[in-house]
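Structure, as structure tokens:
We call the chains A, B, C, D and E, going by the order they appear; numbering starts again at 1 in every chain.
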Amino acid sequence: MTPLHLCLLISTGLFCIGLAGALARSNTILVLLGIELMLNAANLNFIAFWRFGPPSPPANGMIFVLFSIAVAAAEAAVGLALIIAVYRHQNNIRLQDATRLKG
Amino acid sequence: MTLPVQYLWLIPALPLLAAGIGALTPRNGRNLAAGSAILAMAVAFVLSCFALNGALQAPATHAVYNFAWFDLGHDALRLGLLLDPLTAFMCVMVTFVGLLIFIFSLDYMKEDPNYSRFFCFMSLFAAAMLGLLVANSLLLLFICWELVGLASYLLIGFWFHKPSAAAAAKKAFITTRIGDLGLLLGMLWLYDSSGSLLFYDGGHGVLEAANLASLTGQTLSCGLAVSTAIGLLIFCGAAGKSGQFPLHVWLPDAMEGPTPVSALIHAATMVAAGVFLVARAYPLMSADTLIATAPVHALTVVAFIGALTALLGALIACGQTDIKRVLAFSTVSQLGYMMLALGVGSWTAAIFHLLTHAFFKALLFLGAGSVIHAAHHEQDIRSLGGLRPRMKITFATFAIGMMALSGVPFLFSGFWSKEAILHAAHEWNVSPLPLYAGLTAVVLTAFYMTRLVAETFFGQARSPAAEHAHENHAVMTGPLVLLAVGAVLLGFLGTPACPWLQARLSGTELHSSMSQLFASGGLLLLSIGLVGAGLVTGWWLYGRKLRQTAEHRDPLAVASPAVMAALASRLGFDELYAATVGRLNSLTAALANGLDRWVIGGLVNFLGQFGVFSGTLSRETAESTLNHGFDQVSASIRGSGQRYSRAQTGEAHGYLRVIAMAFIVLVLLLVLGGSR
Amino acid sequence: MTTALILIAILLLGSAAAAMLRRNLIHSALLLIASWAGVAAFYLWAGAEFVAFAQVLIYVGAISMVVLFAVLLTRQNPVAELPAEPASRMRALTGITVAVCTAAILSAAILSSKFTPAADTAPQTSVKQIGLELMHRHGTALLIVGVILTVALLGATILAATDAKEKPEDRP
Amino acid sequence: MLGSGIIKGLAVTAKNFVGSYYDPARMTTVEYPEQPTVLPENYRNFPFLVSENATDPMGTLRCVACQICEKECPPQCIIIEKSKDKKPDANGKMQLYPAVFGIDTSVCMSCQICVEVCPFDAIKMDKVFEIAATDRFLDLYLNREQLAKPNTYYHQIHPEEAAEVDGRLTADRKAAEEKAKATAAAKAAAPVAAPKPADSAVAPKPASPAVKPQDEPRRLVSPKPGEGGSPLGEGGPAKSS
Amino acid sequence: MSPASDSYLERAPLELRDWLVQFLPEPLQWLAHHLITVVAVLAVFGTFFAFTTIAERKLLARLQNRLGPNRSGLPWIKGLKLWGLTQPFADAVKTLTKEDIVPATADKWLHFLAPVIVVAFSLMTFAVLPFGRNMIPVELNAALLYFFAAGAATELAIFMAGWSSRNKYSLLAAMRALAQLISYELPLILSVVPIVLVAGTLSTKAIVLTQGYWTSGFLPHWFVFTPWGLAGFLIFIVAALAESNRSPFDLPEAESELIAGHLTEYSGFKYALFFMAEYFGLTALSALGVTLFLGGWQAPCVFLEFIPSYLWFMLKLIGMIVFFIWVRGTLLRLRIDQLTRLAWKFLVPLALLNVGNAAFWVLSAHWAGPLQLVRWAVSFAVIVIPFVIMGRSLTAGFAPRTYRYAS
């Protein structure tokens, strides 16, 4: 087992924890955070392959991670703003209650 | 002055810029939005003229400029620009007609609160359309194609507060999307089998000999060549956009949009996109004609569909009472003509007709718009009437358009382009049926146009709106006059005596001699006779005894009520689709629900639902006659569909779970299947 | 080397799992922040210090704040914190099952694949190099990300903002 | 321009900084225990009881335990119990005296109302502020012995006010003596004339002349002709108001 | 480098460390080397913190025509007052011996963790500051990023403190503090970007080295002496004031409105920790300002180079701190809306402009002769004109407030 295996297993673990959280929790904020965790797991993979994987253009993995972090930040901002809007609308943030797109 | 192909992107970029400006202008910045749109269009027109000038200097070549979009593994996905006479002529037509329509809209949309939004959408549409024209890659073309669809959705639904407009926009979007699915599949297949999506790429493009040979070389199990299959899929997209027979239903409904939109989209440009696509992909479509053993050729299908559409459109147009609907069905019919021309192997004739049609149909639509504007949005021809003395310019230009569309001989452009098509159909040796359909349509076209003019402009005003109508501002009549001039003159570019346009398009030598004019004199005379017959019939039925009141029954309805009723209800296509497409929908919903039930409730629930569904199915088969069964079938289908639609719970968890499950299943399949 | 990695992994996974299990939202959020910090630690361990600091700055510094603000702004009524209903227990069960299945499949795939042994040291990447790469090869992407961030910022503001009426005494 | 105000402000404080080293006049503070501060005349803290004589404070309290201050005190921090017997006051007249007089200074809010209402000038405001204590309850409750301070101390802390009070008191005393004489004479002479009661009612009032017109309307509301002479009677109008 | 780097004073601290380390066995030397560095930083800046507090109190007093604390002397020696210089130690003893009160419903763990985190992270920022020519605890390639990343964690601690106290004042104040910190982090970082642009590096050490030149021996090439550098420095100072919750931006702790904000429920040693972290933050930001704009440890003139670099650094640091105290003694507290408006409508656009200004500076680096003057003039104009215009619109809003009382 190389370090790469270990890293990938860790990221799998993180991904699945995030997935479980996103699937199991009813609070929308936690679902969003679960998705953030999954994104982080993907980032972990980028760095792991950059460090241990086959040689690639320099800094490629890092740049991917930077972009991914930027997009995750945008996602978090918009997602949480949506959650606040939903909260204002239905007075709770349980995901299973937010089933209608309509007014 | 010429425009090098590298700078061709400027033509679509300018309207796009105008669209951006329009999107960003505040509500009160009306003049900025309109001004930028018109300016951009004018500059694009000038650039297009330069491009045409350049293209005509070397008509037989295809100037391309290709670039990489992004890397896909080892090779890059490449897009490109293409400049040849086809592109150049289309660009000039689109920008010129578009410019005139924009100017017309200045006055027509004056009262609308969303003035700048309108120009933003129009510019967006023009940008997408021009992008489609200059694309040298099926992918870029497809992107612009979809953008055109989006823009048309926005424009048809521009008055979205009207439920009918919103519904029409949705209908147009979804119907064309069905065709686009075919185009997408064809594109993917093409990429899979040839590894490129560029049209011309120095010998490696998909429309060049090497690739065509390999595409025709492969055959499917059913005996079709791959190129035929791909060609048919591409034609699906063209049929959707151009309103060909199975997918024509959206076009008449699209008349809910503002009239300039109808003129721009549904007469001059967007619907022509399908014809353009087939013309662009003509080498691919026609590649299989050399294979004698093929069960069917792609172009044969195109020809028959075109012929059927031409006939159907003309028929239905006879029964419509809305001025714009008549024109819409006439457009359907004319597009059928173009497809017919493509199918019978004369794509130059198709493009010729496309260009002339763009002019006179835009003229007719704008004329109709002028009438509607003057008559305070009264569109029913039964309630109009007596407009000739009140709106002289509009009447004159409308009459020119009508005669061009009907194919009144010699002077009008429609005659020459239609003649070219009929000539080509005559020479087609596969089947004479398209020719007969075309000739029938000639009669019908002349007939319904006569009816339209007679009802609208002659007789006495049959409603207060028509009584108070008066001639419009020069901003609106100016474009009409210009278009009328075009509708007359354009025909002389491609007379049989001097087929300059056709020669330039195909890049062949120009052979001009007067003798060719009467090479197929019999056909010419026949069609002139048929036009005359149509005009006379129309006049006999409608002009001889002019309508007195709006409630007066239609002479045709007096003659044969059943036929008229069927025509007025557009031969029941909408109802048919509602039933069949609805079934398709509920089937899909059932599939999705089945998956979900399996995850949550287990197989038992699914089996229960399946029982209901099979019951529905068996009932459906038990119904012997389709007509009687429709109602019950659709009711039960709707019921089961509602049950199955519970899969669409709206609950995000469920969707996410399905995604995860699907991922697991996919991985398992890949692992167990051991593929790749 | 590996010991450090395992320690980081325990921090990372432990806090993430705990975050997903806690009922108290604030605790969940703070544990998640710890988990993000753990990810940063992993980056440091792998030699990607720039990314590690960016991770801390953005996740621990910015996203966490947004999350905490959101948690506080959407305070649930304590009465609404009902005991777990059967549906949600069911959902939790299926969710965890699906996650475990995914984990099993992914782990099996990872364990069954072979990788070439890696270099002992991390690839040398200076900050300047990253900057040049970003500006040259990925310039377009950088621009697009900038646009996305701007649009997201504006959109989030518009979504979350209430159109409060301006009172005369609120004027500056 | 933006920032000019900030620079001006910085200059002011910088001037303060430099000036504080060589210009003692600038200093707003003093080093307190070493340098005593001079409190202004009107400074007040908690009340105290005035006694005439420093040698026998308990015997010479001006307070007659009339309990007006106890009733008027807004936070109710004064506790008074009347004595059972009477003692002669400074005028030699027999008066009650407070057996218990306590002020809970943890409650007192230094409002001075007790001083305002006292008809005998027996309670005044103190200036002492170094009164920290270690017990929050017992040490802050001041009893009669702690409260009693001689009149000389009063002169010390509020010289102008005390002089005025003393002048008034001596005038009162004089008037009382004259009136005693007059009543003695009147007993011998004819019955009282009509304007007489007004005079006699005003005369014992220990207020300064400026207060007189103000007191006139009160008298109209509750006219008590024929009353006078007895210092106790002075409580009447005050109570009725 | 210049011969000054070889002077004995310059090398003394490092040699002392090496000398101490050599007594240890080989495997421990690495550890001891770093440990000594950490201890030295802690000791120096711990003492510095102590004396900053007393200096602040005394200076503030003098700025307001008061005397300030001057009583505490040494224990057991009566009469020896030492101008009150031992006050901080007395304060330390007092806070250490005070009762530590935790509210009954507080989240005990977070309540405890908050001060720990805030101190730990504010100390971590010292790791990348170059205190002297050869004195930098950790040499990082991405030092500036590290600095801001470590600084970001303090916001978390403030939130934890506010939330765990179970006190509405605390929570409200914490949210206010967060809003302020987040708002001002942007101009702070943006004001630093021009430096990175011009120096071409994120390493603090390299940034100081790029400032180490003199024109004709006495005009130092510090970044503050360029138009964009001056603007950046001013923005940096304003943002740093806000980031370290100092007056006039001390809303988070506004005693009169929020009863000390998120610190309401803290007492004794935990409170002291917060206090300490605040001063550490201030010191670190001042040190960063010195490093980035004031030439770090570089001497202002060539002939003053004989004074060791770390002393120069300390001198500049003290100067910065004194300036901060001076500002605190002068300016009034802003209202929260004025505060956020200043950040978003004034500082951020100005800082963005300044980035462009620095880019212009880099692009015109080769201009020589009279073009140099043009370069300076353009650069000044780019920053001064918007400053005046935006300043006018900003101050236009600061009219006296008209109150409408409840009717």
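One rule holds in what follows: contacts are C-beta pairs under 8 Å (C-beta built on N, C-alpha and C of every residue); 3 or more make two chains touch, one makes a residue touch a chain.
No experiment lies behind these values; they were computed from the predicted model shown.
Q: Spell out the chains that contact subunit C while also contacting subunit D.
A: E
Q: Drop subunit E from the picture, leave everything else in place, and list the groups of chains that still touch each other.
A: Once subunit E drops out of the picture, we get A, B, C | D.
Q: Kindly list the shared contact partners of subunit A and subunit D, in label order.
A: none
Q: Between chain pairs C-E and A-B, which one is joined by a greater number of C-beta pairs in contact?
A: C-E
Q: Taking each chain's centre as the mean of its C-alpha atoms, give the chain farthest from subunit B.
A: Chain D.
Q: Using mean Cα positions as chain centres, tell me which chain lies farthest from subunit A.
A: D
Q: Taking the mean of the C-alpha atoms as each chain's centre, how many Å separate subunit B from subunit D?
A: About 105 Å, centre to centre.
Q: Which integer distance in Å separates the CA centroid of subunit D from that of subunit E?
A: A distance of 58 Å separates the two centres.
Q: Can you check how far apart subunit B and subunit C are, centre to centre, with Cα atoms defining each centre and the answer in Å?
A: A distance of 48 Å separates the two centres.
Q: Suppose each chain is reduced to the average of its Cα coordinates; what separation in Å results between subunit A and subunit C?
A: 6
Q: Check each residue of subunit A and list the ones that touch at least two other chains.
A: Only 19, 22-23, 26, 96 qualify.
Q: In subunit B, which residues are in touch with two or more of the other chains?
A: Subunit B, residues with two or more chain partners: 653, 657, 660.
Q: Among all the chains shown, which pairs meet the touch rule set out at the top?
A: A-B, A-C, B-C, C-E, D-E
Q: Which residues, counting only subunit A, touch subunit C once they are in their complex?
A: 1-10, 12-27, 29-30, 33-34, 36-37, 40, 43-44, 47-48, 50-55, 57-63, 65-67, 69-78, 80-85, 87-88, 92-93, 96
Q: Spell out the residues on subunit C that touch subunit B in their complex, using ranges where they run on.
A: Contacts found on subunit C: 91, 94-95, 98-99, 101-102, 105, 109.
Q: Which positions of subunit C touch subunit E when the two form their complex?
A: 26, 30, 33, 49-50, 53-54, 56-57, 60-62, 64-65, 68-69, 72, 126-128, 168-169, 171-172
Q: Spell out the part of subunit C that touches subunit A in their complex, as residue ranges.
A: Touching subunit A: residues 1-2, 5-6, 9, 12-13, 16-17, 19-20, 25, 28-29, 32, 35-36, 39, 42-43, 46-48, 50-51, 54-55, 58-59, 62-63, 66-67, 69-71, 73-74, 76-77, 80, 87-88, 91-96, 98-100, 102-103, 106-107, 110-111, 115-118, 122-123, 125, 129-130, 133-134, 137-138, 141, 145, 148-149, 151-153, 155-157, 159-160, 162 of subunit C.
Q: Which bits of subunit E are touching subunit C when the two form their complex?
A: Residues in contact with subunit C: 110, 140-142, 145-146, 148-150, 152-153, 155-156, 159-160, 163, 171, 175, 178, 182, 185, 200-203, 337-338, 341, 397-399, 401-404.
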